[in-house]
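Next up is a structure, given as structure tokens.
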Amino acid sequence: MNRRELDVSVESAALDVRDLRVAFVQYERGLRRRVVEAVRGMTLSAHPGEVVALVGASGAGKSLFGHAVLGMLPPNARATGEVRLGGRLLDEAARRRLAGRGLVLLPQGGSYLDPTARVGAQVRRAARLAGRRDPAAAAREALAERGLEAGVERLYPHELSGGMARRVVGAVAGVGDPAVVIADEPTPGLHPEAVAAALQGLRRTADGGAAVVLITHDLRGALGVSDRVVVCRAGSTVDEAAVADFAGDGAGLAHPYTRALWQALPGHGFRAPAEPGAAS
Amino acid sequence: MSLVLDDVSYRYPRVAGWAVRGASLVVAPGEVVGLAGPSGCGKSTLGKLACGVLVPAEGRVVVDDGPARPRRGARLVQLVHQDPVAAMNPRWRVRAVLDEADPTGSSLADPVVGALVETGWLDRYPHEISGGELQRVSLARALLAKPTYLVADEISASLDPLTQAALWRDLLGVVRERGLGVLAVSHDAALLAEVADRVVSVGGGTLAV
Amino acid sequence: MTALDEGVGATTRPGEPAGPDLVARFGRGRRSRTLWTLGLALVVVLAVAVAGQLLQTSAGDPDLPSRLQPPSPVHPFGTDRFGQDLLQRTLVGLRLSLLVGTSAAVLSGALALLLALVAVVGGRVAEAVVGWLVDLFLALPHLVLLILISFALGGGTLAVVIAVAVTHWPRLTRVLIATGRESAGADHVAISRALGHGRVHVARRHLLPHLVPHLTVGTVLLFPHAILHEAALSFLGLGIDPGEPAIGILLADSMRSLSAGHWWLAVLPGLALLVVVKLVDTIGNQGRALLDPRSHHL
């Protein structure tokens, strides 16, 4: 199923998540177990043509958001809350069926590529699974859109540089013309030019009509391409702010945590939280 | 008494061309020197040469008039990596990680460790605490070895702004208190402008002040 | 750090809600299931070994009037052509198999660890030599080599143990070398050196703890191979002395009367061997799940 089949109208949000919660059961010593709530109340919506940034500290549960929406949590996790795609309320199993077609996750690194298959074969397979009529042409097009030449199709993942591998992952994710793209930390470890290219790629995906959620710790990078910023802290979304409000000394930012994030940026105060550890 | 890189060059085995060519640099005690430049310019290699992880093919590294790699004891230049996960044995709890830097086992009594590390983390494995917390552990371990210089290679590149600001505030506090020299490697010019006393740009493996 | 670790790590602080009712909602956990399976498999394998030991003296008694009886409540596995109870003989045979399997697997594991350490610590030449040896042994047909060695050593239990041990180390060695090389090149090893620790410290505190779980599991998983090859050698008459009731000998004996319709002579001991091998395999796999730090919380 792709964007057309999901029947997303501009009025309804392509992705609408309300009060998402994820709990893990973990073993301590021996057979004693406990439940840890890692995500406790995340609410976020994204409309077609929009880039929404989900910003927070490492460990705030941002990455779990993506995995939970796609129904890809490990077996010891349980998710609750409402997830609507194109206005339809879908359970975990239904979302997992949509994953890779109408709904895609751009994972953190190139290690998600199959090391034993050539790039071309992997992109063509994704195109075929997404129901594209001419997978070969669609794959070529998806790679070309990301500035990768035809020769890349014949390479194996270990022959790619880090930046190229991420662009290939982007091609695999984007070849099905998805309605919703969730990008999980697409930038760490990349040099500044590659970061800018990766973020601009997301912007283009949104301008093409998809709803994009950008999960990141890099507030400055996110501000460059996003329409809105959703801030999360300790497993909950605490604030939503317009990009224009991140300016000057942050007086336009209503929520104290959002303002603290802005004022902690180098060049905007570099102000650390009052006590050690309070940031996380 | 300072950390001196004197006309050092380095090339990686089986790779054509020099990663660093004829670079000279001095870091004085109590001074934070920023090392800036685009990726692949050799700034991380220069950091590894400064702390003795790599040995220069030409030129020499002198630490307080001594060698970069002393025969016995901890090196006087310690490196803190960008990725704290790879920098720790995944089968060790945080307590064991810290104890490796301090054979007396009294690492927790050290005030620096107390300021950086919360006792609640000690019985956890590295993958069980957040990236920001783990980077503080990594920094505490380096400081426990009682170095006179630190090489901080992109230590806050994967941290959010608040965690980054808190980490640098605490690190700079220790630096001032102990008079440490720091070589801060980063691609983030705004960050270096905040933390460094002076910034050196690297291009094509050579330095421009 | 992976995406999921990140989320979990953040919230495993003290003071989180952890009510028993919440835990109950998740049902029985994976770790209890793993432990149950592991325990059950261990108990059955041990019971077989103990029973075989106890029956060792009585199992040889011939009882000619009741020869070649099909399975019945008195003789669950039937009797052979001398009237000996086949269940007893199977148990004794399995005990011998377990013994041979254990010795061969442990010997093989020790060989693998030694060669792997030599390859990782010993420099480029040692690594090349070990790699060449591994390739050589992997390239030779397994069973042919087994037969050659066992034949050259004159057969018997000891010859089988040595033959099986000498042919089973290459795969495990390869795994151990890869693991050892990976941890030797890790950042935390470089840091350990920078902190002033020597090679011995690195080998003992960093390399060995990484190798031991792989070695343990690898050795246990060698065991089924060892047992099956012992049975194969004995079946071919190149292994254990025909007087001893090894499973391979029982199977070879059964060939003479299979065409006469005495199916139980082959099927039941064979099935028993299969079950024991599968159980040991289970022990290895469940043990791996328990020792892997990534499944620590599962």
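Going by the order they are written in, the chains are A, B and C; count residues from 1 in each one.
The working rule: contacts are C-beta pairs under 8 Å (C-beta built on N, C-alpha and C of every residue); 3 or more make two chains touch, one makes a residue touch a chain.
Bear in mind that the values here come from a model prediction, so they are computed numbers and not experimental data.
Participant: Taking each chain's centre as the average of its Cα atoms, which is closest to the average over all protein Cα atoms shown?
Facilitator: Taking the mean of all protein C-alpha atoms as reference, the closest chain is A.
Participant: I want to compare two interfaces, B-C and A-C. Which one has more contacting C-beta pairs?
Facilitator: A-C
Participant: Cα centroid separation between chain A and chain B, in whole Å?
Facilitator: 31
Participant: When the centre of a chain is set as the mean of its C-alpha atoms, what distance in Å lies between chain A and chain C?
Facilitator: 44
Participant: Could you check chain A for residues that touch two or more other chains and list them?
Facilitator: 57-59, 280
Participant: Got the chain C residues that touch at least 2 other chains?
Facilitator: 1-2, 6, 8-10, 12, 296
Participant: Chain B: which residues touch two or more other chains?
Facilitator: 129-131, 133
Participant: Sort out for me which residues of chain A touch chain C in the complex.
Facilitator: Result: residues 22-27, 31, 33-39, 57-64, 66-67, 73-76, 78, 107-108, 184-185, 234-235, 280 of chain A touch chain C.
Participant: Could you pull out which chain C residues touch chain B in their complex?
Facilitator: 1-2, 5-6, 8-10, 12-14, 186-188, 190-192, 194-197, 205-206, 209-210, 293-294, 296
Participant: In the complex of these two chains, what residues of chain A are touching chain B?
Facilitator: 55-59, 188-194, 217-220, 260-262, 264-267, 270-273, 276-280
Participant: List the residues on chain B that touch chain C in their complex, please.
Facilitator: Residue list for chain B touching chain C: 51-53, 72-75, 78-79, 81, 83, 85-91, 100-101, 120, 124-125, 127-131, 133-134, 141, 145.
Participant: For a test of understanding, state which residues of chain C touch chain A in their complex under the given definition.
Facilitator: 1-4, 6-12, 16-19, 22-23, 25-26, 29-32, 35, 296-298
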